[in-house]
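Heads up, the next two complexes both have chain A, just with different partners, chain B and then chain C.
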Partner chain A sequence: MSLVEYALQATLGANEPWPDDVVLFQQYQVEQITLPDYAQVLAVETFLHMCGLKFRVEQRTNAEEMSPSGKVPFIQVGPYLVSEFEPVVGFVNTKGFTLTKNMSETDRSEMRAYMSMIDSIMGNAELYMAWLNPDIASEVTKPRYGCSYPWPLNWVLPWRKQREVKAKLKANDWAYKSIEEVCEEVKICCLALSERLEKKSFFFGDSPTELDAMVFGHLFTILTTILPGGHFTSVVKEFSNLAQFCTRIEDKYFKLGFEQ
Partner chain B sequence: MAAEKMKLEVWRGDWGLPSIDPHCLAVLSYCKFSRVPVEVIKTGNTWRSPTGNFPVLRHRKATFSRVTDIFTYLRKEHWGSDSHLSTKESADVVAFSAMLEEKLLPALLHLWWIDDKTYVDITRPWYAKAVPFPLSLFIPHQKQKRAELRVLLTKGGDHITDAETESKVYKEAKECLNLLSYKLGDKEYMFGRQPSSLDALVFGYLIPLIKAPLPSNPLQSHLQQCSNLCQMCNGILTTYFPAEVKEYEDNKKKEEQQKKNQGVRADVTEFPNRRRNMILAAVFAITSMIGYALATGLINVQIKDSEVTQGNRKFRTPPPQSLQGPQFETPRVLEEQQENGEE
Partner chain C sequence: MGTVQAKKSRKAEALSDGQPKGIKTSSIPIEKKNDPSVIIFDKLPVRVQRVVVDGLTRTKDDIIIKEIKPLLSAKTFEELVHLSYGAKVKMERLGLFKNVVIAIDVSKDKRENGYEVLFEVQEFRRVDGGIYTSISNNDGSLDFQVKMPNILGRGERFSLDYTVGTKRTHGYSAYFRKPLNNNPDMFVGSTLYQFHGEYPWSGYKQTDRGIGFDFTFPTFLGSHNLQWEAVWRDLKSLSRETSFAVREQAGHSLKSCLKHTFSIDKRDDPILPTTGFLWQTSQEYAGLGGNVEYAKQDGTFQWNVSLPLDTIFQVSLAGGIMRTLDPRASISISDKFFLGGPLTLRGFNMRGCGPHSHENALGADSYWLTAAHIYSPLPFRPGKGRFGDLFKTHFFINAGNLGNIDFSNLSGSVSSLISTLRWSYGAGVVLCMGRSARLELNYVIPMRIQKGDKANAGLQFGIGIQFL
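What follows is the complex of A and B.
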């Protein structure tokens, strides 16, 4: 939560270096994690890689319950737990690592605007697709979400989670959209990103920013996850510069990382 | 092309604004920017709307009730105020619009509907007055419920308290205002000299905050510090809605003059039928007291025939012993007087 990060800024300065035993917690990647959660995890991982910070990924079945805000991913730095993308960015900034040092105020405000766009459009669309589309929810999301629990729980917990997501999407009117309308929203979002990116290698200037990490997290997840219907994948694939952007980031920050 | 005129239904306005709802204001100003020939109906009757909310745009049997849908439809009908924008700027419009909805709207909903003071003093009375009678009993409450769900479910959760949610929502909104202020810089509108749909949205969200008589709150004071945003919104209001501003100022002047004219008799104007009401109240109180006294037997009225027989005055029936309290026996006195006179 941003509130957690708020309190931390007072107690933590740049004097403490980045410790070696930073851990990022997430659910089991192959069997358990759901599409919206994985997009968030990947965004945070990419951001930490871009900052050149060392960390270790730990997979836990109950990562969601361990997190202070109830959402994955979260990182453990010394005695502190920080969860979700924006608080992690804020926390890392207090440690003296930032990706937006030389940006003008206008650029920075545009970057924040694009980040909120991804958060609101992509985030909600992923939740909609994963939990409200009946085929995907019953075939993919619910079995995965409940995979680590024994019988009555593997039915109850996904059902409870689904109800929670439904209530949230009803509150912001996303639940009343049809699947076509949701795809249209995703398309508008991708179009805006694609026009902003043009032929450049990063969104702002020639170095990566938080926005690049976030875009990669969401688009790469959509491109590589195979879901029944495959609605979003086909939408994102229409934008060739975005797909190229994803492969470029993957090569730069993930392939090399594994070799090292 | 547009043989049939478009009809736009919006929440009615107040405080010199054409409407008080951010989304209605956004659509209205978009229509003004691109000179859409639209018939505006200011209403509060939510039965007219398919979703129970405004704005609603009707054109050739098609009905739209979401701002984005209305903008898309108008663009399709070639009424666009965004045609001068480059593709990159159009992308910025999408991004900033999403940011407004994600960061600023929750704070506004919180301020209008969840903050107790504003809700009780301004929001609820306003909607109760604007909405016709049977609906006005539950529409304000229903709208409040929706706003509450929207803010608490999207921004809060099981893991943080309501107070923490509140400070988070306001912090995000202030940050959002700063970003908008940077984006605007010292330009006239967000993208140079011509207004766009983004300006319409910003205007819709911010102008009620500037104009409404809200109790002091952090968001309003923060907005007043972003002087370029205030300037832009006030500019749009005076340039595109001069009629409403003028009407409001005239009304205000008239009211002030009336107050001046009446001066001392301000309390009389406040309660126009004061004397009549006082008399009615007194009459009612007296009647009920007397009624009570009679019913419980505190007062006993006895009406007697004056005499049993004309000739036998000495055998007049004596008053019954059981009666208590004053007894009215005027007839006897009168008769005795008459008797004396005869002698």
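What follows is the complex of A and C.
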């Protein structure tokens, strides 16, 4: 394709509000995807559903390697590839879709604070649980991560990934926490969310925001994934309003014909 | 290295021209004192009584004895010289010694026709090394090598290499090779390597980690090489501009393949031959474990003929085809064929022919390529007999094509491979670099280009080891 054609297509992509052929890439959901990755995928999917944007999910064993940032999920919109939650939100905003139009500046910064709390606590806790808990890592995460590769890669690649995650969690001191401490962190995070949510339908006002998508992504994943020990599931279940929130979001965005 | 020195012997001097070098005979029994010039070496009866090999430290006795033993059966002096020389060459080729000097002398106990042969051998240093520059296709690299020749005393060779290339390529490798049956042309080898390469024409980079074993043996027809290789390949997009068609092939794959290469090389030079032919075919089967399954067939034929006025006519043909053996998976970009470049299909950019996605060459399942060259010396022949002989001018015409094969419609695919051919012609200068690489500066006129091809009309510069 010539450069002119390419540029033309890029411009078309930018002008067109939301093309019909948007694809979200993720790993195979049943056999392959790991808990932290699935939480991210679900958050992005929920966000797109909340914006009322159409997309198709494509499962690829090499979704992680295909992604420009090396992380799932990523969406393909015309010639653009955008990966991870925040960049997707930013990209969707530039297309003129936003969930935070009517929010005040204070609410918006409060929402961002909650989002970064979830990112740092839930994100790290999920990584910790999936890769550093010896039982879960060896029985669930590593076999799933390596399931699409032949021997000996099905052993080497999960090991390499585990080493990577360990290094990351050592850098932010999460690796040195005990499982009780991690559960305590999750509990504090859930408590903060639960108190913010109270009896409302959404965290801010009467319509969903990015925060709702993110909370749903993480909590729903934790609630529905059965892992040996079940530490997080029991922590989250203590907060009934959060569990109800998850059911509500699931009913609203995943059972009413949005899922294709 | 010494030369044949036979005292007072014109015959010996005459012999020294036609005789192999590296032999010194310190004295000759004087049978006819009056006329030393009539010693007839080829008839001179000989009984070898002693063979001494001096300078052995780590080389094992058994391998030496095997090479030396035939000397004891020598009947005439000429035979003895030939056998000694043969043993010397073979021991050097086996990688046992850096240098061998042969001394043939009358035996000390003065028996009639008694001789003894002394091999003064110089073994390699245990550890040797060096820094070399090497050339691969349009890429130069620096090699740091540590080698241990004759490491176990039977011609085994072990080497460690580190390579850094100009295109951000780098790699390590360890290689071990052992001659079998005292035959320097028959050997087993094993290698362990990691190599990182970047392929900007196709928009990807790849790290290979592999292990391989190979067995090379000669037959009366040509040389065979059987290789098993397992390689873990980590393919990544080179940049954000990499096309999606390449990007979706990113990830890890494990290829375990068996490859057989058969070659007959009767040319007098691998880079600028003047006569002889090369025939090389290879079959590759991938799918012994791993997740890459295909069968691949590749072949090259080159024929050279000398014409009057020091010109050489050369015709080359090459072609290859592959097929996936896993119906659910297509062949990865790193296994596919590519065509185009300043040393193959001239007049096109590197990998400039065939299917492209945006700017990235995707490769295909089959290709064919033909080339005809007429080489001649430089006009007015500057530096004749010296530096100038490394240069040649050439006129060429090359044609080829690259495409995917639909095995359910084979004849249709083949006819489209012929009907959509690309061709170009031109002239230029070729420089032979060492005996391993060549450099070309050509003016090329591409005559047939297909849609999507990246043609390069006009001056084109190429450097590399593979060419047609």
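Note that the second predicted complex is superposed on the first by the 242 of 260 C-alpha atoms of A that agree within 3 Å, B and C clash if a C-alpha of one lies under 4 Å from a C-alpha of the other, contacts with A are read in each partner's own complex, and residues count from 1 in each chain.
The criterion applied here is as follows: a residue touches a chain if its C-beta (ideal position, glycine included) is under 8 Å from a C-beta of that chain, and two chains touch if they have at least 3 such contacts.
Just so it is clear, the model here is predicted, and its values are computed rather than measured.
Peer 1: What does the overlay on chain A give for chain B and chain C, a clash or a fit?
Peer 2: With chain A as the common anchor, chain B and chain C both fit in the superposed model.
Peer 1: In the superposed arrangement, which partner chain does A:Gly230 touch: chain B (first), chain C (second), both, or neither?
Peer 2: neither
Peer 1: Have a look at where A:Gly96 lands relative to chain B and chain C in the superposition and call it first, second, both or neither.
Peer 2: A:Gly96: touches no partner chain.
Peer 1: Considering only C-alpha centres, what angle arises at chain A between the directions to chain B and chain C, nearest 10 degrees?
Peer 2: For this superposition the angle at chain A equals 80 degrees.
Peer 1: Identify the partner contact of A:Arg60: answer first if only chain B is touched, second if only chain C is, both if each is, neither if none is.
Peer 2: The second partner, chain C, only.
Peer 1: Quick one: classify A:Tyr149 as touching chain B (first), chain C (second), both or neither.
Peer 2: A:Tyr149: touches chain C, not chain B.
Peer 1: Could you tell me if A:Leu157 is touching chain B, chain C, both of them or neither one (first, second, both, neither)?
Peer 2: Once the two structures are laid over each other on A, A:Leu157 reaches chain C alone.
Peer 1: Given the touch rule stated above, what does A:Pro68 touch, chain B (first), chain C (second), both, or neither?
Peer 2: both
Peer 1: Who wins on chain A residues touched, chain B or chain C?
Peer 2: Ranking chain B and chain C by residues of chain A touched puts B first.
Peer 1: What is the minimum C-alpha distance, in Å, between chain B and chain C after the two complexes are superposed on chain A?
Peer 2: So the smallest C-alpha gap separating chain B from chain C comes to 9 Å.
Peer 1: Going by the contact definition given at the top, which residues of chain A touch chain B in one complex and chain C in the other?
Peer 2: 1, 68
Peer 1: Give every residue of chain A touching chain C within the complex, in rising order.
Peer 2: Residues in contact with chain C: 1, 6, 60-62, 64-66, 68, 76, 81, 149-153, 156-157.
Peer 1: In the complex, go through chain A and note every residue touching chain B.
Peer 2: So the residues of chain A touching chain B come out as 1-3, 68-70, 105-106, 108-110, 112-114, 116-117, 119-121, 167-168, 170-173, 188-189, 191-193, 195-196, 198.
Peer 1: Which chain B residues qualify as touching chain A in the complex?
Peer 2: Per the stated touch rule, the residues are 66, 87-88, 90-92, 94-96, 98-99, 101-103, 146, 149-150, 153-154, 157-160, 164, 167-168, 171-172, 175, 178-180, 182-183, 185.
Peer 1: Which of the residues in chain C end up touching chain A in this complex?
Peer 2: 232, 235-237, 240, 244, 247-252, 254, 289-291, 356-358
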